[in-house]
Amino acid sequence: MDETTAVREPVDLRSDTVTMPSDRMREAAANAPVGDDVYGEDPSVNDLEATAAEVLGTEAALYLPSGTMANQTAARVHTERGQEAIVETESHVVRYENAGFAQHSGVQIRPVDAGDRAVPSAAQVADAVIADDLHRPGTGLLCLENTHNAKGGLVATPDAIAAAAEAAHDRDVPVHLDGARLANAAVAADVPLSAFAAHVDSVSLCLSKGLGAPVGTVLAGSEAFVATARGVRKLLGGGMRQAGLIAAPARLALTENVARLADDHANANRLAAGIDGLDGLRAPARETNVVLVDTSESAIDAETFVERCADAGVLGSAFGPETVRFCTHLDVDTAAIETALERIETVVRSRR
Amino acid sequence: MDETTAVREPVDLRSDTVTMPSDRMREAAANAPVGDDVYGEDPSVNDLEATAAEVLGTEAALYLPSGTMANQTAARVHTERGQEAIVETESHVVRYENAGFAQHSGVQIRPVDAGDRAVPSAAQVADAVIADDLHRPGTGLLCLENTHNAKGGLVATPDAIAAAAEAAHDRDVPVHLDGARLANAAVAADVPLSAFAAHVDSVSLCLSKGLGAPVGTVLAGSEAFVATARGVRKLLGGGMRQAGLIAAPARLALTENVARLADDHANANRLAAGIDGLDGLRAPARETNVVLVDTSESAIDAETFVERCADAGVLGSAFGPETVRFCTHLDVDTAAIETALERIETVVRSRR
Amino acid sequence: MDETTAVREPVDLRSDTVTMPSDRMREAAANAPVGDDVYGEDPSVNDLEATAAEVLGTEAALYLPSGTMANQTAARVHTERGQEAIVETESHVVRYENAGFAQHSGVQIRPVDAGDRAVPSAAQVADAVIADDLHRPGTGLLCLENTHNAKGGLVATPDAIAAAAEAAHDRDVPVHLDGARLANAAVAADVPLSAFAAHVDSVSLCLSKGLGAPVGTVLAGSEAFVATARGVRKLLGGGMRQAGLIAAPARLALTENVARLADDHANANRLAAGIDGLDGLRAPARETNVVLVDTSESAIDAETFVERCADAGVLGSAFGPETVRFCTHLDVDTAAIETALERIETVVRSRR
Amino acid sequence: MDETTAVREPVDLRSDTVTMPSDRMREAAANAPVGDDVYGEDPSVNDLEATAAEVLGTEAALYLPSGTMANQTAARVHTERGQEAIVETESHVVRYENAGFAQHSGVQIRPVDAGDRAVPSAAQVADAVIADDLHRPGTGLLCLENTHNAKGGLVATPDAIAAAAEAAHDRDVPVHLDGARLANAAVAADVPLSAFAAHVDSVSLCLSKGLGAPVGTVLAGSEAFVATARGVRKLLGGGMRQAGLIAAPARLALTENVARLADDHANANRLAAGIDGLDGLRAPARETNVVLVDTSESAIDAETFVERCADAGVLGSAFGPETVRFCTHLDVDTAAIETALERIETVVRSRR
């Protein structure tokens, strides 16, 4: 194997889901006290759930295998069949969850375009809420997402969450916050996670993305909410047995890896600035760990650009016809970002 | 009872669903040959279905108790669970059918705002179609509505239907046309009903609105489509027995009452022009039988205006915070429209 | 046309659903005061619903296009997703409604075999009720059927209904009575219809079977039940407009045709006795209008026997591998029964 | 803490789900090569799935968080809405999965009582299959369970599986085998796991029960089946990221812990024999690791007996009004069984 090939160890910026568990996490897995969590007897799961509730400032929390299950469980608990759920047009529950609101809950979405904001405004929410009548049983849920993935890791401040949620609550509509990357929002806004959770009826937090846990998402809310959610988790097949083996490292993700997300954000800005300086590419500064690259000024579509970057040793993903996404995360340090930039520059240069 | 009260026999413009069966229809009901339609043995139902297929230019048709059942049946036949259905933002299936696409078919809606058109453009449809991947099984239906009720009886021309449908078909997406008021569109566009149906995979036509039938909607398409739809009708509880009693008058609605919709359209324009001439009200000319009145220039909301009109002897419906809808139909002749206008004028004058 | 052909005008005993509306019913249709029932303004529908509530002794009633919709609506109103519904193994909701409890309500059936009784005993019901726990949300419905179609029009007495219902109620489980042929049960047991309805939370009554209405079923219960059921009817697409045209004759079915079911029962017994006297056929006496013929002693299966009878001018239906069903009804008088018997005898004789 | 308390360290025979991961499993977790399994890049998951496919003799396999998700996924892949699934009356999918067939698949169950056998006979299956017609879309699945949990770990031989499956296949009905404890069946019948899997279209195998894995179930079948199942797993929220941390120990469960189930079976028989020798208790010999105790000859119900055993230091579960279940497993050796027996004897003696 020659030098060149060695250089080509790719910098993987496809998603922060690719983060690997640390040695400390592996050690935690190896030594985790465990039990049967379906009986509520896994100490490591219980510990993680208690920690999550504390961090999020809720009464209780539940550990689930995925963020999709967390969001779908929340929707099922909050809604009745036939109701509408107000969602942001490009949110994860709309794009990536197999029409789950329809399939699992019999709920119709009402997409609201928040434009360059992460969450709809209070006025948009107020406008979108419908009353129940013979033709439809009204609005049953407002579902927010923070940070907003499809909009490039956009942050909603606690005030923005509060405003949207208040508009919903004033109309007796419960609010779920899809916090797949809520820790990124907290770090960017320099507030604790509970500053967001305080305004909503349920909140999820993905531990296997930027926080680096191998598996899992927590779903938090009131005791009553979590008790019902536990039943829905069973229905969906999310009841795991000696889950402590993954809950213990997941807890480390929550207690040790939040603050360091600031590094990912700095790296994302470094990457964006570098790319933005290249001919034909635009990459505006971002608040968190998602870099969106607009290729429209060069005559190259996103799919092709992603392929050429991959050939050059940088993995990203096509996010639209002329939009490419790069995600920074804990397995990519500043040196790797510099390497990525050099490689992307090669791609751009070779196209002239 | 004094003269005044007699005058107050209200002019009912709430909807064209209030149309009453004619004497000829009642006679047809009384004399209808009937049989058990669940066994396919009702001659009057078979006759209606054959006539509908002929009028719409399709292989077959099915008689159902309501337009909602027709639309929901079509969606169920065309789609698979988890798919998306492209719909106009304010269409009937979105607003008035109890989230039926989600509940009956497990399908997620993708609303597209057609603005001042009745149906989305080809470009909008092309844009809204999604491919299937692990996260979602793609787009399963384009559902159009003509005339568009919530937009004030707006007409889509056969060309507009063809363009949207072609954009869908090019991407292997079937098209259903909610033709609750398709006869109004045909009359307004001066084309046969089949001119619309030719471009879609299924089409419904409501017989109990402007056409005056007491009950029912036909759903038309290919033989295979209708055979499957028949099973879905059974599932939804729409199998009726000696339904010829309503199918016979419904057939008259289809064979005798289409051309006369031109009168309703003329009356709607007469009404709109009259209202538009009143202080503080705007009522732009319409192509069909739905008049939308904008009350925003007067300091009166829609609910209040509807109430005052009702007190004055004209029934309409609030259609938005400052929008009132009046529908013309076969039980309201030109004289009644003049009466309605006089009464509405009283309402406006008394407010000064 | 020669004599023979004339003779072959078939005696149609396939089902009592084939009953034709009488001249009085047709006249009622022709003269029915009607209105838009979706607005609650059809006087004939309101009249039918009030009459049905009175006859059944309930607070309210609702008119629907079919018995299937009535049963499915009741299940949806009474249950929550994931619950179980106790049903008789061979009941209509199990066999003929497209798995509707699963599809419309997300409910799992728990079939109980009532043997030679129409409804399960109190002990069977008590045994079948399950409590809710993490693994399942308990029993949500007991669904009874009277008369029991698949068991040959078997009657459950009011006491039998009361016993089963009490066992359910003691465990907080609501009870729906599928009374497709409840009028036959009432006549056979010589009690008013309300004697059954008094024990259950909802009851349906089919008007288009032995009672001779062209279309429809009523679903009755408390005001609150019917209000919710009205919304489910809309969801299922059962909202009809000027439905008075069929509600008016349906009301006659209810007010005029109950007592005369005794004739159908007498005819059924006449037919059963006649058939039982034939070689190789057994047809035990029945309480109502359904005759079950056991062909097992002759070397002929049900399908073949039905075909030969049809050729001879008697229509029945195969109800099992060696079971044929004949239904008597208001369009088959005693003379026609004698004709049917003669023809069936021909079939038997020709086989020797 | 005195001696007595130390003795009271309970012998946990509630279920084999309580098994703890071994040190070797913990080590495997700590050292597992991992990747993002949603991208198909987790080597340990891929390794487990390949191993499972090999052991079961299928083309492919899929790793899921629970046995419930495996069964529900299989049902969803095999069936169409409205079909029936033939199930054994007391099977896991009927009792413990929240009416999942109805909720996730819109499928109605047809329970068949296999009596003292684990699976229905070919004749029972043939009898239970229904054809599709207007009233119902036929039978879509035969779901077998081996060993049968509710019947006390009863084994179906490969021949019994083959006979039932052939009866289904002859009628074009696919077969899923819920193999939560299929390894126990294989050991008891002294055949490889593939001897069962060869006859069915899909098979699940729980790794976290007797096999001792911390988490998870594999679902195996053809390449096409598994590809579709992967999409359903996503829909249900079962997509996990660096799942290798639990897949690696789960693989050890599969490769190292099958043969040793013989010890659990021997222990179960030892326990059963001992209990059967006690006054008022009957515990017939069992083929696998589940002991059912009949308390009906003593005047004690199951709940009370379980409580007293717990006080004495033996954990079991009430399985019926007078039936108690004890499960042996890898964390309970022969000495612990002797201890359990002594303690149960105390309970019996103290009741005199």
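Note that the chains take the letters A, B, C and D in the order they are written out, and that residue 1 is the start of every chain.
Just so we're on the same page, a residue touches a chain if its C-beta (ideal position, glycine included) is under 8 Å from a C-beta of that chain, and two chains touch if they have at least 3 such contacts.
Only a predicted model underlies this, so the values are computations on that prediction, with no experimental measurement involved.
Asker: Quick check for you: after a Cα superposition of chain A on chain D, what is the rotation angle, between 0 and 180°, in steps of 5?
Answerer: 180
Asker: In terms of residue numbering, is the interface formed by chain A and chain B classified as same (over half shared) or different (under half shared)?
Answerer: Same residues, largely: of all residue numbers at this interface, over half are found in both copies.
Asker: With chain centres taken as the means of their Cα atoms, state the distance from chain A to chain D in Å.
Answerer: It comes to 35 Å between the two C-alpha centres.
Asker: What is the distance, in whole Å, between the centres of chain C and chain D, each centre taken as the mean of its C-alpha atoms?
Answerer: 42
Asker: Counting in whole Å, what is the centre-to-centre distance of chain B and chain D, each centre being its mean C-alpha position?
Answerer: 54
Asker: Using the touch definition from the top, which residues of chain B touch two or more other chains?
Answerer: If we look for residues of chain B contacting two or more partner chains, we find 38, 81-82, 97-98, 103, 135, 137, 231, 234-235.
Asker: Drawing the touching chains as a network, do you get a line, a ring, a star, a complete graph or other?
Answerer: complete
Asker: Which residues, counting only chain D, touch chain B once they are in their complex?
Answerer: 38, 81-82, 134-135, 137, 230-231, 234-235
Asker: Which residues of chain D touch chain C in their complex?
Answerer: Going by the criterion above, the answer is residues 81-84, 94-99, 101-103, 105-111, 135-137.
Asker: For a test of understanding, state which residues of chain C touch chain B in their complex under the given definition.
Answerer: Touch list, chain C to chain B: 14-15, 17-21, 26-27, 29-31, 34-36, 38-39, 41, 64-66, 68-70, 72-73, 97-98, 100, 103, 208, 214-216, 231, 234-246, 249.
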